[in-house]
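You will see two complexes here that share chain A, one where it goes with chain B and one where it goes with chain C.
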Partner chain A sequence: MSDLLVSGAVKRFGDVEALRGVDLEVGAGEFFCVLGPSGAGKTTLLRAVAGLERLDAGTIRSGGRDLTHAPVQGRGIGMIFQTFALYPHLTVHDNLAYPLREARLDPAQIERRVGEVAELLRIGHTLRRRPATLSGGEQQRVAIGRAIIRRSKLLLLDEPLTNLDAKLRHDTRVEFKRLHRELRMTMLYATPDQLEALTMAERIGVLREGRIVQVGTPRDLYQAPGDSFVAALVGAPRMNLLPAVLANGGRAVALPFLEVDGGPWATALGRFPAGTELWFGIRPHDLAPTVDAQAGPRFRATVHLTEPLGDVTVLDLTVGGTVFKMVLPEERAVRYRVGDEVPVGFAVANTHVFSRQTGTAIR
Partner chain B sequence: MAKGYRARGVRQGGWGRTGLAAVVSVAYFFPVLWIILTAFKTHNDALATPPKFLFHPTIENFIAVFRRSYIKGFEAVDTGFALFFFNSIFVSASSVVIALAIGTLAAYGFSRFPLRGNDTYLFIILTTRMLPPIVVIIPIFLMFRVAGLSGGYAGVMLLYTAFNLPFAIWMMKSFFDELSGDVEDAARVDGSSETRVFSRVALPQVRAGLAATAVFGLILTWNEFLFALLLTGVGTRTVPVAMAQTIGGDIGVRWGLLAAIETLFLVPVIVVSFLLQHQLLRGVTFGTIKR
Partner chain C sequence: MTQTPVTTATVAAARPATWWTPRWSNWRLALVVAAVVLPASALTLPVNAAFWLSLAAATLVAVTAVVDAWGRRRGPLLVAPALALLFVTNLFPLMWSLGLSFFRYRANRGAAPVFAGFANYQTVFASPIVWDRLQTTALVVILTVGTQMIVGFLLALLFEKEFPGRRVLLMLVLTPMMLSYVAIGAFFRYYYEPTFGLLSQAVRVFTGRPFILLDTPARALAGIIVADAWMWSPFVMLLVLSGLVSVPAYLYEAAEVDRASWWRRFWTITFPYIRSLLLLALLFRTIEAFKIFDVVFLLTEGGPGTSTETIGVYVYRLAFQYFRTGESTALAYILLFIVVVLTNLYLYFVKQRSAEA
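The block that comes next holds the complex of A and B.
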């Protein structure tokens, strides 16, 4: 059962097409992330669902109602803004009570609900204060409280963690998951951060230049990216994408320093003529020094740079002019220094091939 | 906000700077002080050279503002100044209130619902203030004559409203421009109609701007002389006009009397500024101190 259905959504701002036909189906109670770089149209999409932007084409349905032309007031949707957008002239209490007062609930009920929400979000001690006197995390929780106090079925979150520091981001991610479980709301969450999407979402829709390019579970997107854009967007450090060409009668992928065949893409490659330009993709985590690697392709590369991250180290490697990354656990990485030569290997099952012309995955 | 100050390395000045600031302030304030002192002097003290700083204060000038004899030896009569003060207050306050009401709505419109050629409209509004008043005074005088608006309250109030309006629109627009649009969008999502977005969310955030605009408008209107001279009648005369008429006389200028009028004239401005000072301080910095 779907709770939100967006079809063919088009939105233009002058000559700029922010949304170019977005189709999206979010299930009831689902935590759905819209992932995309800035400028992809995430905010426009959320604002259109909220009713703050009018679509030039397409429809929006939610809870069995056609909302395409419904005014923003009365859509019964909660929204959390990137800037929190708290009412600066009102106390926290009045910020929380605002949506209920606009809905003309009776005062006793308003008090009860403000109390409940304040307790749920642990902001009871801030009720008499103005937003400007609160910490970033407290402001964030007030913004959440104001968005959920009406108990709407659908909650829109527009990059809600962007204005928080790193530690708070982690805590708030956990908080969002808890709230989602406890409140059973449908959540549509926009973020440019793949980590947020991977850790929180049940499903992710990748938005690129106003179009949804892939929808799937975090696992789908990580293991089987539909194109080179998704491949580069999901996962950190990002997937190594190396230029390659189709060789050996259409069976093998030729890198400048290595020829790889027999991957999950081998059969599909048969449809392409020899010489087709490709991207060869492998995640930094899937590379390892061959002493530990099983059978499979191997080559020798030079350590160019090391980036210790504490538990793991990212090694920048070069082989003939090509630069790529490999991630190793700290204890295995310590023995490599800049300038050392490393024998590198990988399992073909973990490799990806994309058409360089269209970016589409071949498998 | 205090945190912001520290972060930007703003510290309280030492005695040296404070002292220098005090000297400059006194230099600026001196003419006002001189007027106030003169208001409490007798005619002879007021004209004494070298000027007297120590003297026996008298309130005879203040009494003379309202009742005095115009010919020496005759009975003191009402000068009408109570009415003139009322006129000044009434005319200034109403025209500022009207201009602020219309100007705030217009400014919100210009800021949030821009038209095609929005800036052109704003520029045209501003051009109405570009001509020096003396240039337009004859046509305006004739128009008001023909329309029967000269001499009454309505005419001068209408004119002052028109004078304050461009200024109110421009100032209030700059305050609305500074507000976060997200906050108003949040109110829409929370169920507020456009009217309530304006009255419950946008307007309360620009209280400082309203105060600043009101005070500037009041001062502008309060001190206006030229149009008041031409457009007010005997019963609607404002203080600046009446004051000018007091200067004339056959036995020289009564400086003490003039200073007393001037001192009384300052009181409403000071009172209003004092009442609104907290809002005003935030208003006149035009958001240079960030939230």
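The block that comes next holds the complex of A and C.
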């Protein structure tokens, strides 16, 4: 059962087309992430669902009702803004109670709900204070509290972690997962950060220049990116995308320094003429120094730069002018210095091939 | 201590300069002398002599200060002419009139002032006329400031929204503030003029008779208030508008999502942003309205009778028509005191606001 259904959503701001026909289906109780770089239209999409922007075309339905032209007030949604948008002149308590005041609940009931939410989010000690006196994390939790206190079915989150520091981001990610499990709300979460999307979402929709380019579980997106854009967006360090051409009668992918064949894309490649320009993709984690007996393609590369990250090290390698990254556990990387030559190998099953013309994955 | 000039370094080494060493560069001593001479001469000598002696003492302070600064502090010396002008045209008259307020004196007679202690202040406080004029002033202040606040606030609400022609209209609305009091007074005099004035002609269309607005006390008061409010409502509007546009738009959006009514949105979000600005506008306009003189004098000259004579107009009459100089200075200083109190209140709120921001 779907809780939110967006179809053919188009939104223009003057000459700029922010949404170019977005179709989206979010199931009841699902944690759905809209992932995309800044300017892709994430915020516009969320604001349109909230009713803060009026669509130029397309419809929005939720819980069996057509919301396309419904006023903001009648949509029964909660929203967490990137800026938190706490009311600066009200105490935390009054901020939390704000959405309830118009709902004509009796004061005792309001107090009870505020108490519950404050306990759930562990902000009981801040109730009498003004938002400006709170830390970023506390402000964030007040914003969450205000959005969930009315117990609306659908919660919109517009880059809620952007204004937090790194440690708080991690804690709040965990917090969001906990809340989602406890509240069973449908969550539509916009973020430019692939890590947030991968760790929290049940499904992810990748938005690019106002269009959804791929929808799938985090696993789908990571293992089978639909095009080179998704491949580069999801996963860190990002997937190596090396220019290649179709060679050997349409069966092998020719890199300047290596020819690869027999991958999961081998049959599909048969449809393309020889000489087709391709991207050859492989994740830095899927590359490793070869031991002699190992099967699969291998080549020799030179260490250009090392970035130790503690548990792992990212090695920048060059081979014949092509630069790419390899990730190794710290203890295996420690023996390589800049300028060293490394024998590199990989399993063909882990490689991806994209058309350079359309960006689409070939498999 | 300040650096001793190089030329007198040897002398200074032998005998360190103190504030009582008589020397042309010792402005501290000159200041002490002036501080003694001024009140002493004012109390003991005839006024003419006291005036010239005080002027001489002041000149001495100025000269010693210049000598002291010569060659060492070029910068302060450069502003000295401006300071001298300020002293001659502002500070000295101010002090002198303060002195006069303690004397029995009429500026249009040759007779020398006679020291009277607080007699002038007593007269002023006991005068039923002063209390009557203060009441008139209070009425004007309440009505004109109230009108300005309401009109200014409503104008601000109007101009907060974008609409075609907003910029042009905003400029037009702000024009009255840039005109001089006298121009406003002259304009409204003609508007209210019984035979060919706009208002009178407009009324004549309906009643067939000319309309003399400034005829009765109540209508004369209304005439003054309309003119003053016309001039100063834009000022209130500007202040309130600056508060309104400083409210972040996302707060209104959040309130919309939270289903707040227009009324609640205004009280919980908008009003806190303009509250302190409204207070500033209120105080500032109260101070100004309390001193109101120009518009009243030009429109009604306090009439009919003395029904619209505000305290400002009364001080003017006391000083330059009845020539009760001593009394008028005493009254002027009482008014100054009231304004200073109000101004400090104003500054207090300004500081509070900047501390909030």
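To be clear about the criterion, the second predicted complex is superposed on the first by the 360 of 363 C-alpha atoms of A that agree within 3 Å, B and C clash if a C-alpha of one lies under 4 Å from a C-alpha of the other, contacts with A are read in each partner's own complex, and residues count from 1 in each chain.
Here is the rule we use: a contact is a pair of C-beta atoms (placed from the backbone, for glycine too) under 8 Å apart; a residue touches a chain by one contact, two chains touch by 3 or more.
What you see is a predicted model; the values in this text were computed from it and never measured.
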Checklist entry - For the three-chain model obtained by superposing on chain A, do chain B and chain C clash or fit? => result clash
Next on the checklist: So in the superposed three-chain picture, is A:R184 touching just chain B, just chain C, both, or none of them (first/second/both/neither)?
Outcome noted: neither
Item to check | Partner chain(s) touched by A:Q73 [first = chain B, second = chain C, both, neither] | outcome: both
Checklist entry - Is A:R151 contacted by the first partner chain B, the second partner chain C, both or neither? => result neither
Checklist entry - Considering 23-31, 59-67, 77-85 or 95-103, which region of chain C has C-alpha atoms that clash with chain B after the structures are aligned on chain A? => result 95-103
Checklist entry - Which chain A residues lie in the overlap of the chain B contact set and the chain C contact set? => result 50-52, 72-73, 77-79, 81, 83, 85-89, 98-99, 102-103, 146, 150
Item to check | Residue ranges of chain B touching chain A (in the complex, touch as defined) | outcome: 1, 180, 182-183, 185-193, 196, 201, 204-205, 207, 291
Checklist entry - Where on chain A is chain B touching in the complex? => result 47, 50-52, 72-75, 77-79, 81-83, 85-89, 98-99, 102-103, 132, 146, 150
Item to check | Touch list for chain C against partner chain A, complex | outcome: 248, 250-251, 253-261, 264, 268-269, 272-273
Next on the checklist: Per the contact definition, I'd like the list of chain A residues that touch chain C in the complex.
Outcome noted: 50-52, 72-73, 77-79, 81, 83, 85-90, 94, 98-99, 101-103, 146, 150
